[in-house]
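Next up: the structures, one after another.
Shared between the two complexes below is subunit A, which pairs with subunit B and subunit C, respectively.
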Partner chain A sequence: MNGGWYVYGVADGDREIDEPKGGVRLVREGRVAAIVGPVDLCEFDQLDERLNDLAWLEQKARAHEAVLDELVGEGAVVPLRFGAIYRRPDEVVALLRDRGEEFEADLDRVRGRIELGVKGFVDRTALENTLARERVATAAGGGSGRAYLERRRVQREIADEASAILAEAARTAHERLLELSVAGTVSRPHSRELSGRPEEMFLNVAYLVQAKDESLREEVAALGRAYAPLALTFEVTGPWPPYSFVGSASREHAAQ
Partner chain B sequence: MSERAYPARAGGGPAPAQLADVLERVLDKGIVIAGDIEIRLLDIELLTVRLRLLVASADKAKEMGIDWWEGDPFLSRGNGDKALEERLRRLEAKAGLEPAKDGGE
Partner chain C sequence: MSVLERPQLEPEVTLVELVDRVLNKGVVLTGDITLSVAGVDLVYVGLRLLLASASTFDRLQQEEAA
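Coming up: the complex of A and B.
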């Protein structure tokens, strides 16, 4: 075995792990501690091929997430991303020394807080049908070729209107949810293939909120009720380790 | 497991988190693998993952002192033992360990 140390995240220096699994342990240095586990580096060779292997990637990513999930409920954790692997424990110590202040600041920022994901979906056909029905109520119908062209024009207008409604709904939702959170970040919506849903995702955001604060979830439910007539739905995921609010990402947010 | 401070995952009920959500978070920005990696998940135009993997690849790794592939014949492309030794020496010095003097003990 060609051994290495995989760093999952960073916790407070006085943190204990109650029931360590998979050899996970803490490497302490100063006021912070790295959450590390032994890995076989051979599992990570030919990485460019493996990263294209979805089964491999899923297994590794879920294992990473599982370790952090176990720990994040019981104290502050700064999650690192996939693949922070060091050959020797003293290299982990060096990481903690080099970036100790940064990790401490991140720990303070996320302490008592969690990340929630919010996604917005639209059944675009249903939305456009709704918009079309509103028009039919006000416009007279017609026959012949001119009427066909007119219908095409109206279809385009309806599609544009639907897009405008989605942009506005995304903006409104993000504004309202941001007011209930410490910080928020906007990501690109997933394609249908990735989301695995028939609806189109129009909103993909994450928020840092107080751990026991349910107000964001309640607001998402309220948004869902408000936008239901337009065939929009919202979904909350998490709690997640606060991936989106540590490291360089958090400095970007702080600067906003 | 003892009681958790947080409610169970919402949205999916007891179902595991969606892979896309996990990948988006676990891979995003942080990644650290030797350069020139292109990920094609299911040949889908891959959210932000590929982009961020690339952005974060080698430079980010160096910044974090991650270089485990260097000096490994299976993993590296031309980094010899000398570079690794020098790296270790620098880290040991940084960590306050007895630095090996040039020319041996």
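Coming up: the complex of A and C.
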């Protein structure tokens, strides 16, 4: 075995792991501790190719998440990005020494907090049908060429109107949810191919909230009820380790 | 407690959702590290292709079974 140490995340220096699984342990330095586990480096060689192996990716990504999930329930955990491996524990100590202050700041930001993901979906056909029905009184009848052109024009207008409604719904939802959270981030919605859903995703956001606070979930349910007539649905995922709110990239979001 | 107020059952975490976080977010370690992940777009391309080919594969299997 060509051994290495996979670093899952960073916790407070006085943290304990009650029932360590899979050899997961803490490497401490100063006021922070790295959550590490032994791995065989051979399993991670030719990483670019491995990452495109769906079965491999799923197994490793779920293992990464499982380790953090165990620890995120109590105390603060700063999740690291997938696939950070050092050969020796003293290299992990050096990492903690180099970036200790940054990790401490991240730990302070996420302590007592969790990440919730929110996604908005639309059945666009249903939405456009609803908009079309609202116009039915003014629509031109008959089968002439002129009427055909008129119908095409109306269809384009309805499609534009639907897009405007989605943009407005996304903006409204994000504003209302941001008010109930410590911070929020907006990501690109997944394509239908990637999400594997018949509906179109129009909103993909994440929020950092107090661990026991249910108000964001309640607000998402309220948004769902409000937008149901327009064929919009909202989903909450999580609680997640606060992946989206750590590291230098999160500074600007946290400042919002 | 009404039906709407009852906590919803969590849908199972999809691979895409998980990959979106573990590969796109979290603190990035660079510098003197033995191994680290870069080039996330590559992952997405691969994942998209694999998902597409998986569904094609399922369809083929169904056709064979029929």
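Assume the second predicted complex is superposed on the first by the 250 of 256 C-alpha atoms of A that agree within 3 Å, B and C clash if a C-alpha of one lies under 4 Å from a C-alpha of the other, contacts with A are read in each partner's own complex, and residues count from 1 in each chain.
What we mean here is this: a contact is a pair of C-beta atoms (placed from the backbone, for glycine too) under 8 Å apart; a residue touches a chain by one contact, two chains touch by 3 or more.
Owing to the predicted nature of the structure, the values given are computational and were not obtained by experimental measurement.
Annotation for the three-chain superposition on subunit A: subunit B and subunit C clash. In the superposition on chain A, A:V10 makes contact with subunit C only, while subunit B stays out of contact range. Within the superposed three-chain model, A:R97 lies in touch with subunit B and out of touch with subunit C [touch as defined at top].
Shared-chain residue A:V78: touches subunit C; no touch with subunit B. When the two structures are aligned on the shared chain, A:V236 is found in touch with subunit B and with subunit C. Once the two complexes are laid over each other on the shared chain, residue contacts for A:D106 go to subunit C alone; subunit B is not touched. Legend: residue contacts after superposition of the two complexes on their common chain; A:A221 is shown touching subunit C, with no touch to subunit B. By the touch criterion stated above, A:A211 is placed in contact with subunit B alone, subunit C being left untouched. Judged by the touch definition given at the top, the superposed model places A:G247 against both subunit B and subunit C. Of the two partner chains placed by the overlay, subunit B and subunit C both lie in contact with A:H64. Shared contact residues on subunit A (touching subunit B in one structure, subunit C in the other): 4, 41, 44, 47-48, 51-52, 54, 57-58, 61-62, 64-65, 79-87, 91, 94-95, 98, 117, 187, 190-191, 193-196, 217, 235-237, 240, 243-244, 247.
Taken in their complex, subunit B has these residues touching subunit A: 1-2, 4-7, 9-12, 16-34, 36-42, 44-48, 53, 56, 64-66, 68-69, 72, 74-75, 91-92, 94-95, 97.
Residues of subunit C that touch subunit A in their complex: 4-5, 7-8, 10-11, 13-29, 31-37, 39, 42-44, 46-52, 54.
The residues of subunit A lying in touch with subunit B in their complex are 2, 4, 18, 41-42, 44-48, 51-52, 54, 57-58, 61-62, 64-65, 70, 73-74, 79-87, 90-91, 93-95, 97-99, 114, 117, 187-188, 190-191, 193-196, 211-212, 217, 235-241, 243-244, 247-249. Interface residues of subunit A facing subunit C in the complex, by the touch rule stated above, are 4, 7, 9-10, 41, 44, 47-48, 51-52, 54, 57-58, 61-62, 64-65, 78-87, 91, 94-95, 98, 103, 106, 117, 187, 190-191, 193-196, 217-218, 221, 225, 235-237, 240, 243-244, 246-247.
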